[in-house]
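What follows is a group of structures, each given as structure tokens.
You will see chain A twice below: alongside chain B first, and alongside chain C after that.
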Partner chain A sequence: MKIVVLMALAAFTAACVPVAPYQRAFLARDDMALDGNPGYMKAIEKTYSAKEAASGGAAVGGGGCGCN
Partner chain B sequence: MAATKGESNALAQLAQAALALPILALPVKAGAAEVGEIGFTLLGYKERGLMTIVEPVLWGRAQFMESWEVQASAAVDIISGASPQLVSNASGKPVQTITGASIEDHRGTGDVKLTKRFGEFSLAGSLAYSKEEDYESRAFGVEGRLDLNQRNTTLIAGYGQSKDRVGSSDDPTLDEPRDTKEYMLGVTQVISPTALVSSTVVWTRGEGYYNDPYKLTFTFFPSGPPLLVPDVRPDHRHTTAWLTRFRNHVPSLHGTLQADYRYYSDDWGIRAHTLEVGWQQSIDDRWSIRPALRYYTQDAADFYSPTVTRPPAAVHSSDQRLSAFGGLSPSLRVILRSNDRLTFEGTLGYVHNAANLHLGGSGNDAFETLRAYYGLIGVTYSF
Partner chain C sequence: MRFALAALAILASIPAAAVEAGMPAPSLSMAPLEGGAPVTLAGLKGNVVYVDFWASWCVPCRLSMPTLEDLYQRNKARGFAVVGVNKDASASDARRFLARVPVSFALVQDGADAAARGFDVKAMPSGYLVDRKGVVRQVHRGFTAETGAALEKEIDSLLKEPS
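Let's turn to the complex of A and B:
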């Protein structure tokens, strides 16, 4: 899976065409944001991470949790 | 001569598009002179037969003095119900057992992040704090972002540190440290006027107390006395989490594909994959729906086992969150933009974790299937 992701990233980067500022209207849409609504992200984060071993990947400095 | 209303709207939209970044701190909506947002979200989570969580979250973010932005949030977790504490094979095979009365616990969290923009570079500092009866966490983070190539490319680097204290409501004398350092590198690339991709890697180096003070393993043997063994984990945990996110708007379909993949590994022997794919469909100018499906799979930790050996290993845990299993979680979100300033969201989701969903099969037989439902409602006000 890691190799697939790397190849996809390389393909995406190679296919990039610089986008001028006046062409970025779609990129400004709410549904194009990488992170959702901060309240939703904070609430949903522990829904999964408290029951799984994996966590993280998006940010630093969030602190730990005694999720027993 | 003053601009007409039509010219003002066109200029406003052009300015907003020109200022649009691959990652927007504040989503810009046409027609609103926006400097910030405040919002409230309420989560309800219920496991079948086990735990219930209610979590209200209050958050806000605002720009000020042209180049500054502040974000903050506060939340309370209200946890009630039961958490499995004992894995015992007294019945012939290992099963989770709830040994104590139902618990009720509260966890308060708060965080604040301040960002300053210097042209194409921005620097952010953050603080986070959480407190519950048996756990306290203090953390800070620093993050830098550099926009290149007419803001089509953004490089990201970050460092964070967390100092936690682990206690136990069953043992008032327990007070152990757990310290973690975090390092992040990432890149976001605009691919086209309708697509972008972001990839970040976070490495963590943790040292300290990782045992779960509430978990026990009770193993019966064909002969000789049974053994009751506490949860003992390594005194360090080094992790790598690589998250790649893809967004692609399809104007002809009035929808946006959102796909996130995370690879995780740590020095406990755990490897995990997470894939979530969602499609946000605009119904009209106000309503959108977002169905999504999340798949998760993890391998077991090296020291995981639902039974103990005789003599017991120095490091051992029967916590099924460290076992091999997989999970599917569908969800559906509905979004209503009531006007230029108010947005309402509602989400329903289901979590199903089971041994037979482990990628490639071979999940741990002792894993007890988790079935949980959750719902979120939220409101955001832009000003």
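Let's turn to the complex of A and C:
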């Protein structure tokens, strides 16, 4: 019983440890950005949606004509 | 007994409450960035101290350093000290930044996060303005030009208080 209580306590207090603001040295690196170069990403998305007729997958409306 | 100890150990992993204005500054001993005697807030008692948590990867921290250096230079003769607690992952990152933006106030390292946890730092940068009696009087989270201007007034009024 005691062990169950301890395990529950451990799970609720220490299972999810958020990264503290002062521990974000690596997360703050340029190469950790989801979208490191917004202009380049936009061009890639446009080309992709035009070539693959797959517009919309990247949260952009319109058809696959490359004209949006 | 063992159960109580184990429960206590788990609960101790919950961070302490954030240090806010009006609370005494935590007593900490911090190793200087470039070696030497440890820096303690108790050792600086009688001075107005600004404890600044910064890192070279944090853009507003970078912007704050010249302002803090200027405030330090103009007020150090009146009993104002700055302790810059560096939160870079490696000291060489801090050194590379400091080579470009040199500062003359005390810089300490906090590799094990003891100081950051002691203050429960909620943002980068975080600055704690401690009065001559060792009580935190102002907490600045983030840094803009307005922070610098506000800090200048706060430092001036705290320096006029008796120790």
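By definition in this document, the second predicted complex is superposed on the first by the 37 of 68 C-alpha atoms of A that agree within 3 Å, B and C clash if a C-alpha of one lies under 4 Å from a C-alpha of the other, contacts with A are read in each partner's own complex, and residues count from 1 in each chain.
The working rule: contacts are C-beta pairs under 8 Å (C-beta built on N, C-alpha and C of every residue); 3 or more make two chains touch, one makes a residue touch a chain.
Keep in mind it's a predicted model, so treat the numbers as computed, not measured.
Visitor: Touching A:Ala28, do we find chain B (first), chain C (second), both, or neither?
Guide: In the superposition, A:Ala28 touches chain B and chain C alike.
Visitor: Which partner, chain B or chain C, is in contact with more residues of chain A?
Guide: B
Visitor: Using the touch definition from the top, say if A:Val19 reaches chain B (first), chain C (second), both or neither.
Guide: first
Visitor: Should A:Thr47 be classified as contacting the first partner (chain B), the second (chain C), both, or neither?
Guide: first
Visitor: Could you tell me if A:Pro38 is touching chain B, chain C, both of them or neither one (first, second, both, neither)?
Guide: Only chain B; A:Pro38 stays clear of chain C.
Visitor: With the touch criterion stated at the top, can you tell me which chain A residues are shared between the chain B interface and the chain C interface?
Guide: The answer is residues 2, 5, 9, 13, 20-26, 28-29 of chain A.
Visitor: Which residues of chain A touch chain C once you look at their complex with the stated criterion?
Guide: Residue positions touching the partner: 2, 5-6, 9-10, 13-14, 20-26, 28-29.
Visitor: Could you list, by residue number, the parts of chain A that touch chain B in their complex?
Guide: Per the stated touch rule, the residues are 1-2, 5, 9, 12-13, 15-35, 37-40, 42-44, 46-48, 51-66, 68.
Visitor: Which residues, counting only chain B, touch chain A once they are in their complex?
Guide: 13-14, 16-20, 22-24, 27-29, 39-43, 45, 55, 57-59, 61, 71, 73, 75, 77, 83, 107, 109, 111, 126-130, 132, 134-135, 137-143, 149-152, 158-162, 164, 166, 178, 180, 182-184, 188-194, 196-202, 204, 212, 214-215, 239, 241-245, 247, 249, 251, 256, 258, 261-264, 266, 268, 270, 272-274, 280, 288, 290, 294, 296, 298, 301, 321-322, 327, 329, 345, 347, 349, 351, 353, 370, 372, 374, 376, 378, 380
Visitor: Touching chain A in the complex: which residues of chain C?
Guide: 3, 6-7, 10-11, 13-14, 53, 55, 57-58, 87-89, 93, 113, 116, 121-124, 126
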